[in-house]
Every structure is written in structure tokens, then in C-alpha cells.
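Paired with subunit B in one complex and with subunit C in the other, subunit A is shared by the two complexes that follow.
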Partner chain A sequence: MALFQRFEAAIDAGIGRRRLGYALLALIIVYLLWFPNDTSQSNYAKTVFISGFFYAIMASSWALLAGIAGQFSFGHMAFMGIGAYVAGLVARDGLAFLTAESISSVGAIVIGTVVAGLVGLVIGMLLLRLRAAYLALFTIAFSELFRIVMLTEYDYTGGSNGLSLRPLLQIADVETARQVEYYLMFALLIVCLLAMYWVANSQVGLFLRAMREDEDAASALGVNVVRYKILVFVFTSMIVGLAGAIFYSDIGSERIIPEQLEVLQMSLIIAYAVIGGMESLIGAAAGAFISRYLLEATREVVITYPFGLTTADGSNAFVWEPGAWRYALFGFVMVLTLRFMRNGLLYPFITWFSGRDLVMKETVAKRESDEDHAARQGADDE
Partner chain B sequence: MSEINLELNSIVMRFGGNQAVDHVSFRIVKPELIGMIGPNGAGKTTLTNVMSGMLKPTNGTIYLNGRRIDGHPPYDVVRAGLGRTFQITRALGRMTVLENMLVPGLAIRPRANRAEIEARAHEILDLLTIDHLTNELSRALSGGQRKLLELGRLLMLDPAVIILDEPFAGVHPRLQETIYSYIHRVHEDGKAIILISHNMGAVFELSQRLLVLNNGALIADGAPQAVKNDPAVIEAYLGEDE
Partner chain C sequence: MKHSKALFVSIALVALLALAPMGLVSADGHCEFDDYTIKLGGLAPMSAPGAVAGGVAMDWAFKQAAADINADCGVQIDGVNYMLEVITGDSEGSPERGQAVAERLILEDEVDGMVGVYHSAVGLATMGIMEENGIPTIFSEPWNDNVSANGIREFDGAPPRFDDGIDHIFRISPASSMVGSVVTDWLIALGVEDVVLIVENTDYGQPAAADEQARLEAAGVAVSQIDVELGTEDFVPILSRIQASAEPPDAIRIVVTGETSFNLTQQMAELGIAPTPDTICVTNQIAFQHVQYWATVPDGNYCAFNRVGIIPSLFNDTAIELNAAYEMEFGDIVPSFGMASYDAVFMMVDAMERAGSYSDAAAIVEAIEASDILLSQGRYYFTYGAHNESMPADDSMPDFMWHQWPDPIVTVMQYFEQGQSSLDAAVVYPEVYQTHGTAYVVPGTSP
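What follows is the complex of A and B.
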């Protein structure tokens, strides 16, 4: 512990925590930019990273909606699905006076995003008077409704086989294609995170947090809760609509299937955000990325015995295929997180790098001296 | 001094069969310090909720400076110039004291210079003697400090009419003095204050006018001394003789 305090003091005296944090972030970004050029990595590893970026967008936008604005929605996957399905349908069947041929894949993605936003607007309006558990129940119902319609209308949507979207990229070489897809998804994550950070740190973000803390009090303080509630639904719906439409345009996956819209999948998004820290956008994004990576990496656990030891049957390593047990462990981690680190496993790092814990220490010290003061004054009175 | 003209016309608030507010009418046209008293269940808080837009009255109208505000959402009522505190304080817990102050400041003046609003917030926190807690999360504040924070947030809104719902409840005597001086200062600023309190001493000491509610009806409206000797008021407080 003493060693750590010396390290802390050295950092505070030297480059400062915030700068160290930015440096670390820059390193991570540089690594992620370099990663697809690493020839030792398989295409499969790149695919895992691509889906990691996608789920990072999902989890961080859910963190904005639930963690920052306090709207505990289960409809996030459904909005993603709306973006993807609408993009797929208009690219195949056209839209009103537009023929399918006249709609490019980019156009289809834009339409999907806009429709997700419009549905977000309607749902936001319907949710105005609903809070907490009622909001969660309503959005589960909406989400299931959407999934069942997609499953049932198989003539249009392909039912449980899913719907293929028009591919966004036409690159013959698999290797190059993977690389471009990787950079595209990574860029989308960065853009989405920047946009969400801009909102969260603006005046709007302040009002959203006020709404999360106490909607009535916020309203009594002049915050137009109706406007901001709708705004946050439209904004996050468009982000996930866009992410879904792009991801399923043969970037991360070639087809959207209704199974993706199940409550279980939505719960996973929530779990990623909770484990990373649902009040921090970057925390939730990192939580999702790391969780996805670990869930993939633990498909088969191989532990080589040390010192060249072998077992009686001649194997030199312990092999475990956990299968669904990975998810059970994952659930266990989430339970522990909620019980012991409500702000997520990454929260201590984020507060440390931002120096927020210093502010806390300072104010606690002030309060204690204040209490001493009050106690002394109280003693004088008697 | 801002314009003041608050007019309640025959306000009725019914919850099912229970008439919580029964045809209440009164006007406030100058920066008065008005006490509102009444036994528990008289309808004081319900009337406050109706006036501040948290409840839509079953019947009746409310005008503030020529604008009709009954049934409008709270954020509209606040902009029209009527602010309130809550009987049970509602600090925005996981936001700092400063952020608690910035929310109302920026909400009603979204295009204002943030630095100016922050300066104003610091000034008010200083006045309320909680400036040392500026960066503290408001959930870490004591009950009394939260009361002060609520009063501070009201000043950020700068309303013409202020309703203080039980500002002295559960507050240490020293903080009570701070609240006293706050009330005087705000009043001198030219604002009308409606003070709801069970602390009769404070109400009689501070008020220039007294409104008495009983069973949802306004049974007296006048100078404190006159109200004190009103037989209807005495009856409401002491109960009818059997």
C-alpha cells in the first residue's frame, strides 16, 4: 500500500493523473489501430474485435440512457433491430416512390437510422408518465412485440432465418475486407462516443442527470423534463439504429435474426454496462469490449502444466470447455459487481485518473473540520 | 422589484371522494410575507402542489402576472415566476452542490453565460453559509444543509413568488437563524413569500398576513393578530366543543 502511495505522490507531483490517463487512452487507441495489421492475429480475432466495438456502442449508449438519464429501458436492442431491419427492407423492397435499385446501401442505413429515431420519438412520448419499473416493463413489452412481429412476418423479414442486408462494402479480398470492416466499426465507436460525451458534458447532460436523480425536483427547478426525456430516447435510438444497420450490413454479421432481439441479449448489454460502470460512457464501452473478448477467449481454456509435466494419459495441459458455464460465471461477476462495486469494475480507475477521488477526499476533510467546528459550537451553547 | 400578481380563483382539488382543497381563492399583489397554517391534513401541501403545477386542479384557475398557470407543468410555472421548496428536501443526490445550483440557473436561462451563472451560484452559497460544500455531492449533506441548498436553488430561479414548505422542520436552531435571515433578505428583494410551517412562533413573528386552511377550505385571511382571535380559527385548532 505504501508503495502505491509513493507512486501516487510521484504521479501527482509529476505529469498528473489526468495526463497519465490520456496517455494510457492514447496507447490503447494506437494499439487498436495497429491491431488489424498484426499478421499473427487471425481473421477470427479481428471479427471478435469488430463485434466488441459494436457491443461497446450498444453498452455505452445504454449507459447514457439508463446510467446518466435514468431511463432504465429494455428496448435498446429493439431500436438497434429497427435500424437493421428497416435498412434491409428498404434496400430490398424500396420505400414509397423510391425503388430498391435507387437506394444505395448507405441510403438504406440512413433511412434505418432515421426510422429508429422516429420510433424512439413515439416511444419516448408514450413513456413520459412512466418511471422506473413501469418504464422497464413497457420497454420489455415493446421489445418483445417487435421481435415477435419480425419472427411472424417471415414473408417479409425471413422469420427466424433472419434478413440479409445489402452489403456496405464490396471487397473481394477477405483479408483486406476484414481490415476495412474493422476500421469502419472502430471509427463508428469513436464517433458515437465523442457525440455522446459531447451531450453528456453539455448543459443537456446536466439536465439529464438532474432528471435521473429526481424527475419532479428537476421539473420544479425549471428543467423541461418532457423535452429532455424525448430527446435522450431519440438520440440513443438513432445511435443504436445506426450501429445496427451498419453492423449487419455484412460488416460484423451478414444477417439480422430475431434471436438477437431476445430479452437475454438485452440483458447482456445491461450486464456489460453494469460491469464496466453504467454511469460512465467509456466505462460501459470498455466493459462491453472486455466482456465480449473474455467470453470468446474462454470458449476453450487451456492451461499447460508447468515443468513439462504430463498426466497418466499423456496430455500436457488441462483443457476445459466451459460452454454455457461462461455465461453463468459472467452472471456471477455481475452479481458481485452490483453488490460490491455498484459503479462498475472500472470506476476506481476512472476516478483515479480523473482525480475525482482527490476532490472527494478534500471535501470529506472539510466536512469533518466543519463538524468539529459545529460540535465545538454546540458544546459552547450548553 | 418584479411585478407580482398571483390570483387563485376557487381552486378545488379532489382525490376520489376526498376534497383536499375546497374552493380556495386569494390574491397576492405585493411582496408580502404570508404565513399559511392549518392542522395536519388541512390541504397546505396539496394546495402548494396545485400552485406549483405538480397537480392539475379539479376546478378553478390560477393566474400569475396575467398568465394562466393552473395545470401547466412545473417547469412552466417556475418560468412564469413561482418557485417552491419541498417539505421533504429533494436534493439531486449524486450531483455536487454546485451542479444542484447550476441546474435551475441554466434551465431558465439556457443561453446565459455559464461563468456568470456559476459566479451567482457561489455568491448564493456564500450567503447561505454552505460555500465550503460547493464540490461535495449533495447526498453527503446533512438535513439542514439540504434545506439551505433548496433555498439556494430557489434563488437561482429568481421567482416573484416563493412557497416555502416547512423550511424549519427538523433544523438545528443555528441553521434556523440562517433561514430567518434568508427569508428577510428575499422579502426585502421584493418577492412574495408563502411560508408554510407548524412552527407557530416563527409564523407569527415573520408573517404580515396569515392564511388559515382547515379541511381544504380557506377559513381566514388577514393580519396575524386578527386571525389569531378569529373564532373559526380557534375552533379549527382546538376542536369543537362536544
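What follows is the complex of A and C.
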């Protein structure tokens, strides 16, 4: 403990925590930029990272909506699905006076994103005058409705066989294609995070936090609560719509199926955000990325026996395939997180690097000192 | 302290002595194996939202096939014996996860071939991965027509994936279009005049019902359709409508899958609607799993069902042994996708042995096309492929017949005794497979 305090003091006296945090973040970004060029990594590893970036966008945008704005929506996967399905259908069948041939892959993705935003706007205008519980209930119902429509309108959507989106990239070489896909998804994550940080740190972000803490008080102070709720709802709907349309355009997967929109999948997004930290965009993104990586890495757990020992059948390792158990374990981690670290597992690191814990300590110390002072003054007065 | 140290050393020595022999045991009693182990990847849904029960059966079948092959000196190529390992990858029933797992199996585990796949969506999504990496693949369960048709024509506007001119994908399960006609042909042959279709509101149920309706109406049979949602528990209101009609229908065909079909069949039987001497009951193929069926549908005697896969009366020695092993493990009859998964592993190994290589994909694909092997579901061969017959230039042969096993057996079976094993149930249609000399066992009678 003393050693850690000495380390803290040295950092505070030297580079400073915030700068160290930025340096660490820069290192991680450099590593992620270099990763696809690591020849020891297979395309599979890149696929896992691409999937991690996608879920990082999903979780961080949900964190903006629920953690920062306090709007508990379960419709995130549905809006992602709207983006993907609309992009796929438009690219295949065209739209009104536009023929399918006249719509490029990028155009289809843009249309998917806009439609996701428009649906978010309609739902937001209908619902966001209501309090949190109704939004949660409605978005669960909406998600199921959308999933069932995608399942039953199989003539258009492919039903449970899924809808294959027009590939966004046409690169023949598999290695190059995967590299480009990797950078595209990574860039999308960075852009989405920057946009969300811009919103969260703007005056709008301040209003959103005020609404989350006390909607009535915010409204009394002149914040147009409904307008900002709708704004953040539409904004996050467009972000996930865009992410879905790009991811399923053969970047992360070549087809989307209705089962991807199930409440179970939505609960995974919430779990990623909770584990990483609901009130921190970067925390939720990191939580999602790490969780997805671990869920993939624990598909098969291999423990090699020590000293070259082998079993009767010649095996030198114990192999455990946890299957669905890894999700159970994941759920257990979420329960523990909610009970003991409500701000997420990454929160202590984020507060330490941001120097927020110093501010907190200073505030507490000042308050205690003020209270002591007041108490002494009271005693003297007596 | 000295005493506990001695105790620790003693325990360590005993542990070492106990573990030491493990390293001395030969991997196999009678065969000399090469150091290299041939690996096959098996894709199956082992967790939600996939069909986990199906995945478990397929995983068991992969492992059983590998165990049986290894017990017989493994894969024998040019006089060298190789151990076989089938690594199951959990597709979770999701195309996205299926693609990732397929890549892991191919690139990390470096498998030499792929087998399995349950969901069509996973099959369609993973085909590109197998093609890109040149991995010979035998699908054992997806039904979507495009799974095999993709080899000769593209779909959904996707660009061609077969730059090397080789299509690596084969299928030994039936294509959807091969399954649909058997029940309707049977009902028409029985001379029914009106049929009620109870149909699940999904992309399986609705097109299947539309197809059956078209066939029945073309034969002059009146058809009415009632849609239900999967997961519904109480069907009494729907069934009451049928009960209230002036004349009972000649047949009620349940186009509903899984547990829901069990609930529906039981409630229909309980209400005395079907099976009766007046009304034929045709339920879902899952009724073949007789342990589950009788546990949930105790009043379901005399119901008929379609069976995809070989019928028990045609079980050969391989099927009988496989079924016995499956029953010992799960207490039920081996499902068709379990048999197909078992056979797919053997087919791949057979092709590698004939190709004289476990890594030359082109040679293995050519060998699979030339397959002629008797396994648990019968004789496997492929009519159409790059080295077989060319597909007719006209439309006389549907595209899905490319790299498609042409002979999956689809029959209609019927229980005629309460609690009967499906091994003993009557095969009533097609006539060539009839086991009890009758096309229908009227309720209350014996064949």
C-alpha cells in the first residue's frame, strides 16, 4: 500500500495522472493500429477484434443513452437491426424512384442510418414524455415486434435464414480485405466515441446529466427535457443504425438474422456497459471489447499438465469447453459488479487516471475540515 | 515443521508415482500412428440462441465417429495411420459467431476439413469462409436450397467466391424443396377431401404451408389454414373453431415445430378432434423422438408424422450400432442430423484416404464427388459436380442438386400403440418403404 502511495506521489509530482492516462490511451491506440500488421496474428484474431469494435460502439452508445442521459432503452439492438435491414433491402430492391443499381453500398448504409434515426425520432416523440419505466417496457415490446416482423416477412427479409447485405468492400485478397475491414471498424469506433464525447462534454451533455439526476429540477431550471431526451435518443439510434449497417455489410458478418435482435442479445450489450462502467463512454466501450474478447477466448480452455505428464489416452492437457457456461460466468461477474462496483470494473482506473479521485479526496478533506472548524467554533461559542 | 515437511514430500512422491504411468501408456493398443493428427472442424450450435439439443447430438456424433475411426487405426493414407480429431465449434446458431468460429477452426486449429452445421443461416454465412480458405466441407443438416445451389449460381447479388474454380461445399441433408411433397402426396393418395393446416407463423411454417396448400388444391383438396405463434401454450380457442365446424375435416396437418407441436397435438387429441376414425392427425417430425413425444403427448396414439432420414426398419448394422450408442448416452433414438453428422466425418475421411492426402483440397473435393460409400443413412454419392455429370442446361434439374446427396429418405410414419417406440412405428408412405402393408392405420385398429 505504502509502495502504491509512493508511486502515486511520484506520478503526481512528475508527469501527472492525466498525462499518464493519455499516454496509456495513446499506447493502446498505437497497438490497435499496429495489430493487423502483426504477422503472427491470424485473420481470426482480427475478426474477433472487429466484433469487439462493433460491440464497443453498441455498449458505449447505450452508456450515453442510459448512463449519462438516464433513458433506459432496450431497443438498441432493434435500431441496429433497422440500420442493417434497411441498408440490405434498399441495396437489393431499391427505394421508391431509386433502382437498386443506382444505390451504392455507401448510399444504402446512409439510408439505413437515416431510417434508424427517423424511427428513433418517431418513438422518441411518442414515448419520451413518459418516465423511464414506460420507455423500457415500450422498447422491449418494440424490439420483439421488429424481430417478429423480420422473421415472418421472410419473402423480403429472408426470415431465419437471414438477409445478406451487399458487401461494402470488393477486395479480392483475403488478407488485405480483413486488414481494411479492421481499420474501417476501428475508425468507426473512434469517430463514434469522439462524437459521443463531444455531445457528452457539451452543454447538451450537461443538460442530459442534469435530467438524469433530477428531471423536474432540470425542467424547472429551463431545460427542455423532452427535446434533449429525443435528441439523444435519435443520436444513439443513428449511431447503432450506422454501426449495424456497416458491420453486416460483410465487414464483421455477411448476413443479419432476426435472432440477433433478441432480448438476450440486448441484455449482453447492457452487461458489457455495466461491467465497463455505464457512466463512462470509454469504460463501456472497453468493457464491451474486453468482454467480447474473453467470451471468444474462453470458448476452449486448455490447461497443459506440468512436467510433460500425459493421461492414458496420450493427452498432455486438460481441455474444457465451457459452451453456454461462459455466459453464466459472465452473468455472475455482472451481478458481482452491480453489487460491489456499481460504476463498473474500469471505474477505479478511469477516476485514478483522470485525477477525479484527487478532487474527491480534496472535497471530502475540505468538507471534514469545514465541519471540524464549525464544530470547534460551536464549542467556543458555548 | 520437520514433520509437516516430510508429510509434504511423501504426498508429492505418491502423486508423482500415481501420475507417472499415465505417460507410459500407448495412445492405442494395436496401431502405430504418425505424429500428425488430422483435424476436422465440426460446426454445431452448443449455446443459445442456437438449437442446443441439436448441437449436443451433433457434437456427440462427431466425437463418436472420430472414436470409431481411431479404434480402426485412424485415417490411413499411403500406408500411414493418422489419428483423427474432430474439434467442435459452437456457432450459437448465429451467422456472425458461426463465421468467427469457422475462421478459428480453420486458421487457429488448422483443420483439414469441415463438417456439420445445423442452421441454414450459419451454413449460408460460413460457406464463404470455407471457400476463401479452400476447406472441403460436408454439411449435415442445413436445408436451405442455396447451401448447395450456391456452387453453380450466386444469390443475393454477392460476388462470386470461387476464384479457384473449386466449390468445396457438399450437403448430405435434404434441401427444403426435397422435403415438402411427401405428406401431401400421402394425403392425396389416401383420398382426403378437406384438410386443415395449423401453421406456425415463421419462415419455416408459412412457405411450407403455402407449398402444401398449392399441392393439395391442385389435387382438388379443400384447404383451410390457421396460423399460430411459436411458444403458444393454449390452443383450445383455435381447436374449438375446428370442433365447432359442421363436418370434421378429413385431416389436420400440423406445420409447427418443436415443443409447440407437442402441446398442440396433445390438446387436439385430448379434445377428441384428431386422431379419430374420421380425422387423420399429421404432426411434426420431432414426434420421431418417442421418449419426448409420449412424455408430452400421452394421447397421441395413431398420429402420423414425417420422418427425414433413414427409417428404423432400414437401419443397417452401422445405424443399429450408432443408435445403440446414442440410446445409451441419451436414452432416445438417434436423430437424423446425428446420423448425418456421423456419416459426414466418415465421408470426409474416406475421401482423404482415396485422395491420398489430407491437405490437397482439390484432390479431396474430387474424391468427395466420386464418393460411393455405405454409411448409417445409406449409400452416399453425388450426381452433379465438377467431375461428375454436368447439370442440364435447361431447368429440368433444380440448382440445389449440385453437390447434393440425391437420396435422403423422407417418409410418413404412424404410431399405432400407446407408448410405442418409433423403431416399431409403421412406415405408411411411400409404398416402397411400407413396413406394415398399409397406407394408414385407422384409429382403434391394428395393422
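Annotations
FYI, the second predicted complex is superposed on the first by the 371 of 382 C-alpha atoms of A that agree within 3 Å, B and C clash if a C-alpha of one lies under 4 Å from a C-alpha of the other, contacts with A are read in each partner's own complex, and residues count from 1 in each chain.
Going forward, contacts are C-beta pairs under 8 Å (C-beta built on N, C-alpha and C of every residue); 3 or more make two chains touch, one makes a residue touch a chain.
Bear in mind the structure is a predicted one, so any value in this text is a computation, not a measurement.
The superposition on subunit A brings subunit B alongside subunit C with room for both. Of the two partner chains placed around the shared chain by superposition, subunit B is the only one that A:E213 touches, whereas subunit C remains out of contact. By the touch criterion defined above, A:G222 reaches subunit B but does not reach subunit C. In the superposition on chain A, A:L329 makes contact with neither subunit B nor subunit C.
Using the contact criterion defined above for the overlaid structures, shared-chain residue A:E321 touches subunit C, although it does not reach subunit B. Using the contact criterion defined above for the overlaid structures, shared-chain residue A:I257 touches subunit C, although it does not reach subunit B. Which of subunit B and subunit C touches more residues of subunit A is settled by the count: it is C.
Shared-chain residue A:Q203: touches subunit B; no touch with subunit C.
Remark: least CA distance from subunit B to subunit C after fitting both complexes onto chain A is 38 Å. Touching subunit A in their complex are the following residues of subunit C: 19, 22-23, 25-27, 46-49, 52, 88-90, 93-96, 99-101, 103-104, 106-108, 119-121, 124-125, 128, 132-133, 144, 155-159, 163, 201-204, 206-207. If you check the complex, the residues on subunit A that touch subunit B are 203, 206-207, 209-210, 213-214, 216-226, 359, 362-364, 366-367, 370, 374, 377.
By the touch criterion given at the top, residues 52-54, 73-75, 78-79, 83-84, 86, 90-95, 99, 102-104, 106-108, 110, 114, 132-133, 135-136, 140, 153, 157, 174 of subunit B touch subunit A in their complex.
Per the touch definition, subunit A reaches subunit C in the complex via residues 42-44, 47-48, 51, 91-92, 100, 151-152, 154, 158-162, 164, 166-167, 170, 172, 174, 252-257, 259-260, 262, 264-265, 296, 299, 308-314, 321, 323-324, 327.
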